[in-house]
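What follows is a set of structures to go through.
Look at the two complexes coming up: subunit A is in both, with subunit B in one and subunit C in the other.
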Partner chain A sequence: MNALFEIFISGLFSGSLYAMMAVGLALIWTTIGVFNFGQGIFATLAAYLTWQLVDAAGFELPLFVSIVLALAVMAVIGWLFQLALVRPFIGQPGIVLTVVITTLAAFTILENITLLLWGPRPKQLPPLIPGNAEVLGFGIAAHQLAIIVITPLILLAVWLFLNRTRTGLALRAVSQNEDASLLAGLNVPMMYALAFALSAVLAGLAGVFFGGLKFMSPTMGTEPLVKALVVVIFGGIANLTGPILAAYLIAFFEAAATYFIGFYWTPALLFLVLIVTLMVRPEGLLTGRSRRLT
Partner chain B sequence: MTDGAEKRGGRAVLPAWMPLQGRELAAMAAGALLLVLLPLVITDTYTRHLIILVFIYAIVASSWDLSLGYAGIFNFGHLALFAIGLYSYALATKFGGVNGWAAIPLAGLMAMIAAAIVTVPILRLKGIYIILVTFAFSQLVLQLVVSQSDWTGGTLGMTGVPSLKLPGHNFIRDGKIGYYYTALVLLGANILFLRIFVRSPLGLSIVALRDNEEYAVSRGISLARQRLLTMVASAMFTGMAGGLYGAYVRNASIEAFGIGLLTLILSMVLLGGTATIYGSLLAGFVLVFLDEVMIDLGAWRPITIALLIILVMLVYPGGLFGGLRALAGRLMRKERT
Partner chain C sequence: MTGAAAGTPTLEVTGLVSGYGRVTILHGIGLAMPAGHNIGLFGPNGHGKTTLLRTISGLLRAGSGKISFLGQDITNRKPREIVALGLIHVAQGNQIFPDLTIQEALRLGAYTPRSRAREAENQERVYRIFPRLKERRRQQIRTLSGGERQMASIGVGLMGDPKALILDEPTLGLAPRIKEELGDAIRGISEAGMPLIVVEQDVEFLMELADQLYMINHGEVAAQIRPGEQIDHEEIMAMYFGTSAAGGPPSRGTL
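The block that comes next holds the complex of A and B.
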């Protein structure tokens, strides 16, 4: 029973982080039709920026102020990302490959800048809520519980934004038919910028959450990126619900596999399942065929 | 093919099995001669070491150019094929007692088998999904290598991998001359193979599939067969280069899977210009020596290389070779007028 509970909590926690990373990827893919391999570095940067603001060695601001400020900076960085790495290639035939390369290069640049600025020594953020909580008689870190609760709310907010606000609907319009959106007078470049800023904020939040539980290092962005890739392959990239479901599904699978067959074989098994999935359903398990949002 | 032959009218007629033109063959021979004679001028072993690395990387990069540039298959698991060659060589020579000269073709064969396996899930996929799956494939291979640490040494890698051996010649204390020529021969065979491949009807058909898939398929070209052949062909010399690399550096480590090497090789393909084959070698020299110049810069080194990649993508997507070809074309025109 205890083991099951651990698997459950671990799955929910990792699933939350994967979901935020993957939704960002899907948001950019559906809106612009490119894939951002720099997504992982958003998590790293946000965690380090927050550390800089909150830590005694930095500016010693309150945690929530630091997080908000760091995320604001992330929105700007996301906007700059698309300005420098995506916008110049819009309309070119090889844009998908080009953007994979430019964002991968930006990943390398920012990872090394993080290393130069903050050094290789692992750092840690304070937890969102210190101490432990008790659920159904089992102990759990309050930080983990907070993230498990907060993430679905954030994802809900993203969904509401995309479905209930004018800007969100405009974003979806751009993803569905760019030419028609232009004709309707929507500011398409603005929507591109918005998609990148939003996904940078989501990935940044995942990074901050991660940094409050485990040690952060300049290379911490690679792992969530790879996991988010797996999630979007599995869940499909053409909408937002697919990746979210897949994120939790994969996190549970991972937690269970780690517990039952061990840490080493889990990734191999995960990728094997993934490849078999693709042979049967190339468009992902949880998706329709069209390139749509939500 | 016929109007190609008409355009070529007036030049020397080559046998039908040789799709390369006379001028290209002449340039190839001149380049080969230059590289054969180069060690007479460059006697410093460290520079020779760098050139050997250029040769090995150029094999990997130009083979990648076949799948990425000509066929438009975004295979982001290409470096995993190199790593499979590397580990096949290391395991076969260290634990299987296989002779190094036999282990290099074996490494190529293993990479070809792996390429055939990874092609199966991507047969029905397009664009970004191929990137995702092949990327996942390379992570899978990495995880397998790490998890079998009894054999592969896990994250620490394998050391004491046997070198190549020839009776009467010591490959380790010969001023790197043995490996220089071994790598050069492999590079030459690789370039010749790739150029003939892309100029053959098979090569033309994969370009047709890249440029207009529906039309090519409607003209009876099999997407699945061509894709499989391309992937296996791109793996052949890549795996052998991995084997040679293992014999040369005498260890195998998971750095072969790292983002660093991926970025370096990818920038060789792109800086050199995609769908050129030769560009990779050219860019290999530029990048390896540029990297060497910046050796004291620490973290600034990858930053500079990455900035260079972005700049090339922004300013000159045709790459170095494209630039040279345009320059040569302009000079030729001036000569004629």
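The block that comes next holds the complex of A and C.
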């Protein structure tokens, strides 16, 4: 019983992080039609920026102030990513592959800059809420519980933004028909920038949440990116609900496999499932082929 | 909509050259649309009508030539600046925003600050012209019939508070009854004082609606027709297919 509970909590926690990473990828894919391989570095940078602001060796600001500041910087970095790595190639044939390479290059460069600036020694962020909490008679870290509760709220906020505000409508419209969006008077490049800024903030949050539970390192962004890739391949990337569901599914699968089969076999098993998925349904298990934000 | 054309012309196009990449499609087109007039464009497919409209609304760059709208030079301005000035292009085909509801799409149509200020008024106007859109306002556009989607496209255009409206084949591919309904709605929009630039294959419809017709062929204005002047169907057919249409297949030339 205890084991089942731990699998469940671990799945929910990892699922939350994967969901935020994957929703960011889906936002960029649906609006611009490119894949951002730099998504992982957003998580790393946000975690390290927060550490710099909050830690005793840094500026010693309160945790929440640090997180907000770091996320604001992430929005700017996301915007710059789009400006430098995507915008110059818009309208060119083969843009999808070009952007895979430019964003992957930025990922590597920024990962090494992180290493230069902050060194290889693992660091840790303070938890959002210190101490332990008790759920159904089982103890878990309060930080973990907070993230399990906060993430769906954040995802709900993203959904409300996309469905209830005019700017959110504009973002969805760009993903459905770019010419018609231009003819409605929308600022399409601004929507591209917004999609990148928003997904950098979401990935940044995932990084900060991760750093509050486990050790951060300059390469910490790689694993969540690989997982988010698995998630979007599994759940499809053409909307938001597919990746969110898939994120939690994959996380539960991972947690269960780790417990029953072992830590070392889990990634192999995950990729086996992925390969089979790709063979059977290349567009993802949970969605159709069209690009849309819902 | 005939009558004295006082004031600044709605739209003037002179010597417009445009195309896709290295392929030139428009070879120096000129149009004049005096204030209070409607113009109609027709001609064979693939001869530049849509290219002309896309260049006017800023989706394509003009290689040379000049476009002015209400006295302002809009050549190679950004689409959203042209929309903000009040020249609104309802594109061909009716796949506007398949996953938005009618209500959402109309809200999006009022995106520019100028149109946002008149959103409620314009929405009422759209629902008055197309009562069916009001009935189905919570439905996703993908679930509508072709005619209803076309109504939604025009509705989104009207939400931008246009000073002139460009319609690219608004009745393309529609069944006769819905085509008639849409035609009536377009005439109604015009009678309420909206200057229209309409591309249509149905020349009869254009003759009724427009003060001046332009036939576009090979990226040039091949003929101009004033509906007041008598012109018979055969003459238009001859324009479409070339004078040789009556005298057997055209010569292939020699190589």
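Here is the rule we go by: the second predicted complex is superposed on the first by the 294 of 294 C-alpha atoms of A that agree within 3 Å, B and C clash if a C-alpha of one lies under 4 Å from a C-alpha of the other, contacts with A are read in each partner's own complex, and residues count from 1 in each chain.
Heads up, the rule we're going with is that a residue touches a chain if its C-beta (ideal position, glycine included) is under 8 Å from a C-beta of that chain, and two chains touch if they have at least 3 such contacts.
These figures come from a predicted structure and were not determined experimentally.
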Examine A:Ile237 and indicate which partner it touches, taking first as subunit B and second as subunit C; both and neither are also allowed. first
Of the two partners subunit B and subunit C, which one touches more residues belonging to subunit A? B
For A:Ala43 in the superposed arrangement: first (subunit B), second (subunit C), both or neither? neither
Under the stated touch criterion, which partner chain does A:Met279 make contact with: subunit B (first), subunit C (second), both, or neither? first
Applying the touch criterion given at the start, work out whether A:Leu182 contacts subunit B, subunit C, both or neither, answering first, second, both or neither. second
Which partner does A:Thr222 contact after superposing on A: first (subunit B), second (subunit C), both, neither? first
Just checking: does A:Asn112 make contact with subunit B only, subunit C only, both, or neither of them? Give me first, second, both or neither. first
On the A-aligned overlay, A:Ala170 touches which partner chain: subunit B = first, subunit C = second, or both, or neither? second
With the two structures laid over each other on chain A, which partner does A:Leu104 touch: subunit B (first), subunit C (second), both, or neither? first
Can you tell me which positions in subunit B touch subunit A when the two form their complex? 68, 74, 76, 120-122, 124-125, 127-129, 131-133, 135-137, 139-140, 143-144, 146-147, 259-260, 262-263, 266, 270, 299-300, 302-303, 305-307, 309-310, 313-314, 317
In their shared complex, subunit C is touched by residues of subunit A numbered 166, 169-170, 172-173, 176-177, 179-180, 182-187, 290, 292-294
Within their complex, subunit C touches subunit A through residues 57-59, 79-80, 83-84, 88-91, 95-100, 104-105, 107-109, 111-112, 115, 153, 156-157, 160
Quick check: in the complex, which residue numbers of subunit A touch subunit B? 29, 35, 84-85, 88-89, 92, 94, 96-98, 100-102, 104-109, 112-113, 115-116, 222, 226, 229-230, 232-233, 237, 264-265, 267-268, 271-272, 274-275, 278-279, 282
